[in-house]
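Which chain is which? They are A, B, C and D, in the order written, and residues in each are numbered from 1.
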Amino acid sequence: MCAIVGVFGAKKASTVAYYSLFSMQHRGQEATGISVANGEKIRLYKKRGMVADVFSQTTLDSMEGTCAVGHNRYSTAGSESQGDAQPVFAKYKLGEISVVHNGNLVNKNEVREELIAKGAIFQTDMDTENIIHLIAKSQKDALVDRIKDMLTKIEGAYCLAIQSRSKMFVIRDRYGIRPLSLGKLSDGGWIVASETCAFDLVGAEFVRDVNPGEMLTFEEGKEPVSEQVFEPDYHPCAFEYIYFARPDSIIDGKNVYQTRLQMGRKLAEETPAEVDLVLPVPDSGVAAARGYAEGLGVPFEMGIVRNHYVGRTFIEPTQEIRDLKVKLKLSPIKHLIKGKRVAIIDDSLVRGTTSKQIVRMLKEAGAKEVHMRIAAPEIKYPCRYGIDTPTKSELISANFTVEQIAQKIGADSLGFLSIEGLIDALGSERTYSLVSFDGNYFAGGNAQSPGCTTV
Amino acid sequence: MCAIVGVFGAKKASTVAYYSLFSMQHRGQEATGISVANGEKIRLYKKRGMVADVFSQTTLDSMEGTCAVGHNRYSTAGSESQGDAQPVFAKYKLGEISVVHNGNLVNKNEVREELIAKGAIFQTDMDTENIIHLIAKSQKDALVDRIKDMLTKIEGAYCLAIQSRSKMFVIRDRYGIRPLSLGKLSDGGWIVASETCAFDLVGAEFVRDVNPGEMLTFEEGKEPVSEQVFEPDYHPCAFEYIYFARPDSIIDGKNVYQTRLQMGRKLAEETPAEVDLVLPVPDSGVAAARGYAEGLGVPFEMGIVRNHYVGRTFIEPTQEIRDLKVKLKLSPIKHLIKGKRVAIIDDSLVRGTTSKQIVRMLKEAGAKEVHMRIAAPEIKYPCRYGIDTPTKSELISANFTVEQIAQKIGADSLGFLSIEGLIDALGSERTYSLVSFDGNYFAGGNAQSPGCTTV
Amino acid sequence: MCAIVGVFGAKKASTVAYYSLFSMQHRGQEATGISVANGEKIRLYKKRGMVADVFSQTTLDSMEGTCAVGHNRYSTAGSESQGDAQPVFAKYKLGEISVVHNGNLVNKNEVREELIAKGAIFQTDMDTENIIHLIAKSQKDALVDRIKDMLTKIEGAYCLAIQSRSKMFVIRDRYGIRPLSLGKLSDGGWIVASETCAFDLVGAEFVRDVNPGEMLTFEEGKEPVSEQVFEPDYHPCAFEYIYFARPDSIIDGKNVYQTRLQMGRKLAEETPAEVDLVLPVPDSGVAAARGYAEGLGVPFEMGIVRNHYVGRTFIEPTQEIRDLKVKLKLSPIKHLIKGKRVAIIDDSLVRGTTSKQIVRMLKEAGAKEVHMRIAAPEIKYPCRYGIDTPTKSELISANFTVEQIAQKIGADSLGFLSIEGLIDALGSERTYSLVSFDGNYFAGGNAQSPGCTTV
Amino acid sequence: MCAIVGVFGAKKASTVAYYSLFSMQHRGQEATGISVANGEKIRLYKKRGMVADVFSQTTLDSMEGTCAVGHNRYSTAGSESQGDAQPVFAKYKLGEISVVHNGNLVNKNEVREELIAKGAIFQTDMDTENIIHLIAKSQKDALVDRIKDMLTKIEGAYCLAIQSRSKMFVIRDRYGIRPLSLGKLSDGGWIVASETCAFDLVGAEFVRDVNPGEMLTFEEGKEPVSEQVFEPDYHPCAFEYIYFARPDSIIDGKNVYQTRLQMGRKLAEETPAEVDLVLPVPDSGVAAARGYAEGLGVPFEMGIVRNHYVGRTFIEPTQEIRDLKVKLKLSPIKHLIKGKRVAIIDDSLVRGTTSKQIVRMLKEAGAKEVHMRIAAPEIKYPCRYGIDTPTKSELISANFTVEQIAQKIGADSLGFLSIEGLIDALGSERTYSLVSFDGNYFAGGNAQSPGCTTV
């Protein structure tokens, strides 16, 4: 996942970036950072932790300037290092530069090896460092030409905001895999953000999505300049609708909540269940469960309570406390469930561990039957474009049939949305990226490539 | 609000208390504390902050013992002091004692004045200090008799857990205003807690509610001894069902979620609205909105997203960011709402400030009409038994008619559940405390008393 | 040890108290606290840690008022508790009160038992709590009379500053065991402090010592009122000169550095050594070593460097790092010491552990002979008046002869100042408290009493 | 200043590096860091703050490996950035590399411009980054050859420890400006450190100084290999003796304390004073004051007490508190000074601000006459090799005569050690770097160069 934001022409760009990142906290909680340019200098602050913990008023006040780029980093297995936060900043021939990146470059390793052979040094494993090196090493004079030069050398999924001391450049890859939207601030400035929910919080108006293959250039005193640097080959990632994005966001023209509702309705058509009650796994399963209940004509209830004070507790439980990780987060309403046949709707099923615990929890709460329904197809392939899926051997659907999985998780039945059902729910306007379901790698590299790590 | 827990006969009483308090975090986030007795000594740790932040593994490991009492403190206006956390501990004639208290003593000031006249000293304004002084100053020999002595001198709402170095005493006032339940730990120990959701997390089995006027005495190697120290005059607080308790808890025999559903259904009967959509104010309005939608036969949608990463942000917004406090927490799904007539269901309406912002938010999201419905009666009186309501002058329903309030908050219509409707939804088994609605002060003191502060 | 300060009639009493405590940090590093009265209210802030770490500008700014009392707590074995910081504050019949105390009450336990029998409760083991209880329980009307009442009930060593919302009372016990001086602030206010070095930092002028048995009452718009509440029986503690006080302080009319010089000279008379070089154990042995070298007519060198960045390091050393605790603090200058016969002067010898390591360090640095001289008599008795000496069994001089100790610590010779020599160096104006050396307990209780704990 | 350490072949290299840096804390308190290599990977931890605060047991335990390099950073004006801590780490063609550097490269800007022109990117302003880039961009195959290649391109003062995943390289510039010594750990490993005091703490034996122009290569299972990569042109910095180094260290064969003693004796010859007492400005002036007193045959006293609890206090003083910064640190013993003619000995005089406050302090303490003597020549030139001197306009001796300065600081007389006197005290074995005194820039660049910043 990850989230990026770019702000240009705002009086307090750092504050606008802060609240934007705050509203996109769900896309990454590991680290966050903002850099601000004031025409003369770029100032950067980044750290492990959540937005509200990392930034203080003092820090933001010290970051004066009208242009800001910011980033929320999603927690991935390999990234223990303190250094793996963005923006990535450097001094180079043309002065100072700061870059934020959401996505995954599939030719990252080849590019890095080439750079290293020429004497480049790297501080981290982030592919964002590749991008800065490619810009710094370009033979072109102007930054805009160096950026274009760089773009010819990277492949994969990327949304970029690149900041010099006085300009900002925003690029979305030709496939439009990760979302990126343009908004207008009420005081006349501009904002780009991974999700439109950022616009709602900071009082910006949604203008349009950034097009696949488009580069936007922001310069003081001018309107943003749009240039189509690549032929679009639109493949927005279906997972944004299934799981990543906030329900109130509009991704490539479609509202997330409504799309999930539609997936739930389709799921009811494809794999109905004879139940008394439909329950969501909160919060991400709510909309699909609503659609599923509507499709079946069966009552929907918020029969599982989500504890929102979770934070991180590292206290070792006593022996008597079972399934702690799920129980800390989810708690069933026994009176509602007791003696009922229930359908439980989740957004996806990856390893099956949590599902097993949820089924057990519902049975212990007295459910007569538990029918699990997943508002997405079976995940059979690792993704290369920025979704943190495990390797194939860990993907339960890559290794077992639906019936086998149902048995493993203890459900009385299990059903997935079909790929066709998903496509139907998403609508026919676009060709979506469905690699996790169909293994069809379309953007650079080849399908045998071992998988992906997320930036 | 506040939450208390008492654990007796558990191998790691501190850990059981920790997870119990964790599951009752919604009842108080200002401060928390646990004290543990091991037969020889009581160890106490308490601090401002939330459970998961206050306690570390090291701290809990240092608190050995099989008996623990713990407390979550609700944030109230007057309690800036560091000292206002519980348990309250003291050394006195019989050794060491530690007390946790949920409720509000209506004769607190009279008792304190009397104690002070006799030379007592106080560190805080908490009425829990009164309780310890009364025990220490009792002329009786045994602790159990001193406690009974103390109970004759306090009036109001209280649930108490009192710990000596080897025993635990649990008392619920004769009215049963605040909830308190008894559970059995799977390793043979006992637990009492303000809400049953604590039992579910720590793997305890619900045994029964502690009776109004009952004292339970826990001693090693013996079954808990029950004694009815007062004639019961059962008046559980209706607000537990309306707002305080977690939906999965069972308070005095009734599940909270189901009771809220029923309030919503009743609300639909009493004050229907011609709408296309019913939305809850998440999370506390969800169950009532479900009932309301069901009653009307109109679709229910989670049309307002709640941001759960809120924490506390103290960053001053830019001028462009309006209604920040509500927007940080709530965000409407515009696509769903646009052009629709919506009913928005909240659990209560106190000052009207938030309601006004929610109505404006929905109108800005494109709602054609906004009909606000409150799943509780009008709050016209301050409470004296532990609910942190403002003074009468701040209670909007104490000063304006329903129509005037509708206009003030900008709603196309406004409706409340009637007192009768609430009673009907709660059922006829009990007489509930409805002081905030009917001003009927039944437990000590007199109705002219100026109000209450919460412990 | 411990330090107290009282400030009256200063514009920013909290800041004056802060800097006073800062300058007396050497008297106690475990905890610190200040309370400030502004005529209407007392505000208290106290915490574990050193003065500069505990107080922030924000904290001090929030403590408005012209009267402040403050305390530095010395680290003692038993005081793990967070609560053991001063001032001790309470609300009682006459309003609010705050007390700081330096010293040790020898009848603490008897008083406490009596109070407890009457129903008093205690939060800590500090005898300062006794004092507040005695004041609160007095039958007298005026605070001043209650204080006098309290004074008739406590025995031992005490310097007290007691603050109400508008007055301050300062008392020194009849023996004058612990030091206390009165100064005048340049803006007209008053200050009392354990050491005069506090006056130098805050720009106050030394007026005089507080007399043994004297009570000073400070009230707005009036000069301080002095009252002799006890017949003086002056016994200032010799340890203030030997070890506790800062060399620039003037304690009961004598400058500490000069007194130490004199002890060194006397030591040279009594127990000379044939050496090439005299070295102090820095910093407390410096003045005596200077006197000793002068007495012998042998060069004095700062041949052991003290590392002042010590702080607390808790890193487990490798096996190769021997005597880490001493080496972290002290480091010999080998070139200076190699092949020389050296006398090493320390201020006292308690357990002998450190001395042994110092002797070994000097021998490893190449010293041909190491002659240890102690500028104080042998410590043979535990103190009851506030010096944190260990029990008799741990006092090496209570259990071994000088020759045996010399052998144990590996010194070529060992010498102590005689009691007569110490008296001679201190001068004949006063009778000093020498209990640690002669076991002569003069102030309350009896000599068989098992020892003391420090406040 | 700054300090570096390199450890090779130690079981717990991180702990050895930790204690070494701890003992060299006086050379830099702004930031610290250690990187450890275990043959496969380099792990780095660095942060603003002092050694004991930055590293925890957990951090050190996570840094397994037998080779460590570490650094203490001295606070300099320009280095606000979080990034300006060392070691500097990078991944490059041959794997991973980590570098620590003490000194100052005089051709830093030229080198950086050339690197940037070729497309290099920089994160900081530290010249250590130049060094890594030069290594990474070298066309040579082996790391040792790349390092030699790099050495041909840098000019100025440097002591370097360079770590790959399995080797360590240590280099001292041809002038030997900054100190660097080699020691042997008792378990068979090796250590290099800026000062020998590090060896004493970790139990290492001093072997010899690293030679000017020498490179030492450490490889597992082999003895260190020495190679003379440059013709030596020995110019150790006189300031190490005057001010920087700890008195117990041995720098290029001379003990610091003894050298300072000698400077004091020389100072007495050159600029005697008719005084009753000689006082040092503690701690750095102690040895010279001892020598001065000995030279004059006048008593030496530690007449100014240094407060070692200083830390950083940021509390705004009241108006009455004058000269706070000096008074927080230094306090005169009035009884000793009153009515006396005193000589006060300091190690150097840069801007004159502190000297003025010290003279005033002594006069206020009652000194009849105050004669200031400086155990170093007048500082007339900024240094380019790593001493953080201010620009020429701020150097009081570059702008005023000795008499004018005496008047400005209020001293009755002022005297400096002559350059010849300093050379005499240092001895004739070496030609010392005296640029601050004589302006003779010998190592690269030219004398007109505007000055230096410290690394």
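We adopt the following convention: a residue touches a chain if its C-beta (ideal position, glycine included) is under 8 Å from a C-beta of that chain, and two chains touch if they have at least 3 such contacts.
Given the structure is predicted, the values throughout are model-derived calculations rather than measurements.
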Co-neighbours of chain C and chain D resolve to none
Compare the CA centroid of chain C with every other chain's and tell me the farthest one. A
Measure off the straight-line distance from the CA centroid of chain A to the CA centroid of chain D, and report it in whole Å. 49
Centre-to-centre distance between chain B and chain A (centres being mean Cα positions), rounded to whole Å: 37
Measuring centre to centre with CA averages, how many angstrom lie between chain B and chain D? 61
Junction residues of chain B - those touching two or more other chains: none
Footprint of chain C on chain B - complex, ascending: 89-93, 116-117, 119-123, 132-133, 136-138
What residues of chain C sit close enough to touch chain D in their complex? 10-12, 15-16, 18-19, 22-23, 25-26, 29, 50-53, 55-57, 60, 185-187, 197, 200-203, 246-248, 250, 255, 257-258, 261, 283, 286-287, 290, 294, 299-303, 305, 307-322, 327-328, 331-336
